[in-house]
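Shared between the two complexes below is subunit A, which has subunit B as its partner in the first and subunit C in the second.
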Partner chain A sequence: MSTARTLTPSDLWWCLGAVALALAPHAGRLPVPLSLGVAACVIWRMLGALGRLPLPERHRPVLWWGLQGLAVLTFVLIYAVYQGQLGRDAGVAMLSAMAGLKLLELRNGRDYYAVCLLTYFLVVTNFLFSQAIPTALYLLGVTMLTTSALVRVNAPARLPARACARLGALMVLESLPLMAVCFVLFPRLPGPLWGVPTDSAQAVTGLSDEMTIGRIARLGTSDEVAFRVAFLDGTPSARDLYWRGPVLWATDGRTWRAGAIENTGAPPVVVQGRRLRYDILLEAHGERWLPALDAVTYNDAKSRAQRGRDLVATEPIKRQLRYRLESALDYRLPDLTPADRAAALALPKQAHPRSRALAASWVVQGLAPPQIVDAALANFRREAFGYTLTPPVLPNDPIDGFLFDTRQGFCEHFAAAFVVLMRAAGVPARVVTGYQGGEYNTMSDYFLVRQRDAHAWAEVYLETRGWVRVDPTAAVAPERVSLGINTYAGERGPLRMLDRAGFAARVFNGARQLWDSANYHWSEWVLGYSADRQRGLLEALGMEDVTPARLVLWLTSVMGGLIGLLTLLLLRNRVVTRLPPALRIYRTFCGRLARIGLPRSPSEGPLEYAERVAASRADLAAEVRAIAQAFALLRYADAPAGLSALRARVNAFKPGRPT
Partner chain B sequence: MPALEPLSPAAARTQLEQVVDAASTILLGKRDVLRLAVSCLVAGGHLLLEDLPGVGKTTLAHALARLLGLSCQRLQCTSDLLPADVIGVSVYDRNDGSFRFHQGPVFTQVLLADEINRATPRAQSALLEAMEERQVTVEGRALALPVPFFVIATQNPTEQVGTYPLPESQLDRFLMRLSLGYPDRTAERELLRGSDRRGLLATLKPLLDTATLQRLQASVDTVHLADPWLDYLQNLLARSREMPALAHGLSPRAGLALLRAARAWALLNGRGHALPEDLKAVLPAVVTHRLSLRGDGQSPAAVVEALLSGVPVP
Partner chain C sequence: MDILDRRRVYIVPTRPGFALFGVIGLILIGATNYDNALAYILSFLLLGLMFSAMLRTWRNLKGIALHAEDAAPVHAGIPARFDLLLHDPVGLARYAFSFRRLLPRSPRFWWWRPRTEGFGQCETLAAGAATATLSVPTVHRGWLVLGRVEVSSQFPLGVFRTWGYFKPSARCLVYPVAAGKLPLPGVTATAVDEAGSAGPGVDDFAGLRAYVAGDSLRSVHWKACARSDDLVVKQLQGGGHGDLWLRWVDTVALAGVEARISQLTRWVLEADRAGTPFGLQLPALELPPATGPAHRARCLRALALLPT
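Our next item is the complex of A and B:
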């Protein structure tokens, strides 16, 4: 197309629509005035296309110079707002502003191309913020629309809109195999190219390494995904699914923390049963802890076990992380150093007088530590403690208040109160936070653990058995542990109707599992396609010694091969196989005549054309007529023979230009 | 009727060219129109001649009838022509006391219907029914018309006063519509110098007989149609149906008419197979009177030209 082509309003709708849709997801990310300004530009251009508003053109000096001024002002403001840091946010703000302003001077084909290319780039910038499946699908749609806009401006004006959209979408779909090849073979960079989308890290309120009463109760209703686990050696039963998070040693009476325990290396684990290997795909949570099934027996170099056998990463988890662990379900933790013992017995002075009194009464009775544990659990059962997701507020000493007054609480209340009682009775104890249970996805064979599966339990140290897990919540509400919180909350929440609805619930759950399964595979294979995975995949395909240089070599050769193959296929389809041989030869003949300035008009029959050529070139008349006759016989009389004669004649036919 | 053996294309060409040559001695400088008219008759179609008075329509009709060796009746259409004047009447015979049917002019091999648009619709439809069915119904009895049966109708352009234009459905029954047009200068000079054309007619000798004509007609059906040719025909029909200048596209009957006419034209050119050129040659004559144009001032000829140039030859 010539760049001087005048754009019709219908051309503009396509382009404006594509820009608007590419910009739409950014609207919430840009400063509000900028979002409004860009939207105003789009609307102004639309009204301009309809002739309702004048556009800033050279013959309207006020508008024209106003636009130039506005552009400069916008860039100054963006510079000021982002304080000169040209990072992701400032870059996107800049690009969006430029796109909006460019629309106002969209006049000819060249501008149209520029805007479409800008739109493609805007599409890419969206991935800097979100890489979820819906985003990818949406942006695929926008890419198709942008391509259709380019089709539109290059197509004859009468081509219907549907045909433009179809062709644009088809071109994008046809390029998907090439995209896949690029994705698989392009050398993976060790780090993220632009800094990672931070959407997941910002939004999630994960388990922290602190526990204050009330915090986990809020998690109890959050549907956010915490992590997903795929077991490699068979799945354990639901009651064994204790995912250890931060181990909390220190308390000030209200808040529990990991505490400044001297880290003398991870204590040993004595493994008694078999070991399970599993992969965890952890969502970003901004902290350093890594969930692991009790008790971890192997972890890789990127994580480190602490004194409480809880795993921490070397740096905060700001992006989705995939790691492999090995755990034993039947284990002993026999190690207790003097420093551990001191930390596991510390209680704030003067706090929890009533609890101390209760514990003292057990000591006075001369109970041994295992019996003290039983006594505490029996106390929870006997005194009608209740499990609730919405515990009452405990303004003063929360442990005493819970144990003796309200008796209503969530796992953290039970865990903290139990540990306080143990410590008061001289039994070393600590709080373990983490997750309990998980939802098994039957479609893709993995467990999904949500934030609402967060849990807190206790561990006590018994001389004979080492650290032993005690879940006081299970003493009060055993079904919370055996069924998981989903079912438990459902029993008393609005989900109850759905659970009882049978079929509707099954459909709903099936759809939810399918969607989560899709997300899981997306995370595993698209977002989590790292250099390691790439090497693994390519080695499985028989490629050895994967280096970036080799990858580039492979990439270029596979792409070249694919494009070549496609070209051949298209050529075969379009020219070779569709044309019968006689017609092909005849086309060659027509081509030769066209080169001497006598092209055949498409609606001309062979004899007609021959006569026309004969009329202007008497020297060629006899040969041209003969060829036309021979061709007409082959083509329209279905003559059985004569093809080779025609071919020979046409091959010998070398018309010169008239002298 | 016994199956007649078709003639070879070359033989057919010789026969038909003789007819055209002979007719050309009467109607000077109109070789192209004569060739079309002859192929129309060989294709077994009725012919409509439309032109101003005095350019030789009637002469052409007479000449063709004579040269083909067919019996010819002339029907001068007027506004008081009745169906009975065309078909015939039953007359009471006093001798044997019964009605006897007197055949009208339609019982002939070539019916020359002069100025057909002067007849009332009633008379026109009686005639047109005979054309379509090749039989007439009299008092409940179906009477077959002679074989072959051709109608060569002439009509003046319809702007003239006192005419009843043929409706589209009836125009459709004519395989071709031809116009003669004014002769060119040399032909007109010869015409002016020469003797009376009607007198010359009488000197024409029949060149064919009924049997030969029927063999020629049988030959038309043997003209080979290749797939690309049929593609071309179908593409033309399809194109006519989506042209904005046309209210309606060409009907399947028009397609069949084109096919027959093109075969006859191929035979006239001594070919046993049809070329796209054959279709292009007969197309204006076959379709112009069948087109229903939208009233935006385009002439039928221009539309036909646009149709032909808009479809590539496969």
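Our next item is the complex of A and C:
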């Protein structure tokens, strides 16, 4: 009794289309043979529906048993390929294989429902890979199509396809209000119910927590979003937009690392200027560090500050993370501890002899630390140093090779070489990696920082001023650093070339900003709608003390109201056409008779009905006959004069129940 | 006409509906585990969809009216076909109804869902009216009272089933089964005496008269009709041969009342097919010899309603 009618090929098209579209985004994610196999199943079923290919049915034992064997083999292979780990990828592979095989034995209404429900589930599996806006819209379309497929199989075969598609889409749209209420009010449980398999982390790019010469250059061309920042109380000037990532103390001459030094936590900060509050929406990067401005004074992320004031989360960032920070740009740090001083002066023995010699020459000249810094920057400027995204390979001593031979490098060459020079000259120094600048989105008031904004710079410790940021790259290629300033000023964006093209470029730039702005709000309000955000939103709406129990109470009451409203809207008896006045009056008359137990049957004409009433109620006979006559004249003899008389008669007609 | 008002329209999820609830639950668990916003959204969307389906399924049935006509008589074993007239005072487009006849509940399992029989379908109820045929299996002779009819629908998604009951006052006369191996009795002398010589017979041509409703088509004089514009029938004189009488007493060889009734039914059909005028003699009833469909119907009715 699942469905009243047998399946027709036209029903199958809908179902097959929905499954195929729900599976399509997985095609590139599954092992190639499996993708091909599932596609073959879909095509086989289509040809089967057309009668071009035999389907594996019981009366074809070779095909039937072949298919059973294939099914078992497929699941064994999937188990083997994913080494028995039923995580996201293996689960999707299993579901896809199931969908493909189920299609081949799609015969009756029950199978049809099973395939449609499986399709809804396949839609969800796509969200484990991508939650971008285009994906969401595409899968909304697939959901509509699946719903239309269900309508198709329940509707009479004669109902046109367009009507089915419309009804399916309309029903999905109808469910949006209820969905929105549930989404906002449904209590979010903290944490995973069971371990989230490791394979559900997305493939990520980003700054690693160590710096090998040449690494950042690879990020230099990536347009991917690193994070977005919204300032809550005014934006700082662009030259302060140094987003500090991992602070690197230790080096072996080529690679810089945070170093295995004991972590005493961030030194206390004495704030001197104003504080800045800002929200960061960080894309997954697979490492633990969190970008932050200068000295963090408040932090709601589950992270702690390191010795170098860099923030480190307790877990690798495997999904988008939103956190709020407060930073001071003007502050004073306590004096350097002996351990830190030692770490900030350490150099590998015997390495960089020419750099050490250069630094020694500054010390011999009797320069004070600030002057040594200036001397080093002047050296970069004086010699023919060049900034390039494709620096030459430095096989031997990379620092000496860069400083004295090639003199072509990217920001990490400059930062590393500068810190080596400082340490050789006895000035405590460290490398800081992170991002610099950001593109200001004028529409939604936030900064977009891309992977290509990745940067490396240095910090030196000066006795009078504490740790001071020095960006040696700026000495050589100021435009590398000032890029953000232009964007911030809103005068000349990074698309300087296009700006000359005028209007078209502005439209393009506007569209780009609009799109990123949409993505930002999507991430902020849809994807990042967590228990915290829920509480924040509901408290802002005036709800106090947000607990799951209260949420459920709210959810049920708001849903109740909404359901009532929808019910009224849907069940309102819409009279499609306005009835002619004579007919309306006659209906009133019939209604009054129906109330005393003499309803008109739909097949009865007015005179016939009047006679029947007259026969059972002699007291009403005269009046009923007169009204019927008047109505019949009005309606069929085209005599518009009698309308008001009829209305008066009917209004006066108040039949009582028989006594 | 009986209108289904909202209090008499019932609705429950179907098996696919419960399965969809299960899918929503699974998606919700997955959404919580992976903290996946769009998975949450899809599960709530499907929940909304179920709600929308529930309202639309319910609305599909609410407010329709049903009227059933008496069905044409059939012999037991052949389904009775009741013509149902559906009427929609509101004028919505409604789809895919099915009809079943409810059997009386068994007293022990009164709380269980009622047993049903028969099946009818109406694909589309648009522009206010539609017809459908409900065919109900017949077993026993006599009156088959249609009784309660269940109208149900699963449109549009098949995840909810809504139903309501009508009690139209339609019935169907079920003729007895035609059975039995006894040969058609011969024309008897007593029959001639009883019937007299004035009655119309089968053997001798006695002239032509105008056709009246109920005359057998076999007795129409087609050649004469071709000459004039009116239908004329041959009038025959029974003469000395007498009429065919189908008598209750002739079936005494058979055991059981129903077997005798079946035998008489068979004789009636055979005699009617042969075009022979025949009379029917039952314990409390005697129908004089005649021919034609009206006579056959009278005879079969008498047999169908014979008390056991």
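As a working rule, the second predicted complex is superposed on the first by the 538 of 659 C-alpha atoms of A that agree within 3 Å, B and C clash if a C-alpha of one lies under 4 Å from a C-alpha of the other, contacts with A are read in each partner's own complex, and residues count from 1 in each chain.
We take it that contacts are C-beta pairs under 8 Å (C-beta built on N, C-alpha and C of every residue); 3 or more make two chains touch, one makes a residue touch a chain.
Predicted model, so just to flag it, every value in this text is computed and none were measured.
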Contacts for A:Ser601 in the overlay, against subunit B (first) and subunit C (second): which applies, first, second, both or neither?
both
So in the superposed three-chain picture, is A:Ala136 touching just subunit B, just subunit C, both, or none of them (first/second/both/neither)?
second
Figure out whether A:Ala637 sits in contact with subunit B (first) or subunit C (second), or with both, or with neither.
first
Figure out whether A:Val526 sits in contact with subunit B (first) or subunit C (second), or with both, or with neither.
second
On the superposed three-chain arrangement, identify whether subunit B or subunit C touches more subunit A residues.
C
Shared subunit A surface residues [contacts with subunit B and with subunit C]
601-602
For subunit A, which residues count as touching subunit C in their complex?
2-4, 109-110, 113-114, 117, 120-121, 123-124, 127-128, 131, 136, 139, 143, 147, 150-151, 153-159, 167, 171-172, 174-179, 182-183, 186, 188-189, 192-194, 196, 200, 319, 526-530, 563, 566-567, 570-571, 573-576, 599, 601-602
Subunit B - residues contacting subunit A, complex:
224, 226, 228-229, 271-277, 280, 308-313
Listed in rising order, the residues of subunit A that touch subunit B in the complex are 601-608, 632-633, 635-638
Given the complex, residues on subunit C that touch subunit A span 1, 6, 14-16, 19-20, 23, 26-27, 29-49, 51-53, 55-56, 58-59, 62-63, 65, 67, 85, 87, 90-92, 95-96, 98, 121, 123-124, 129, 154-159
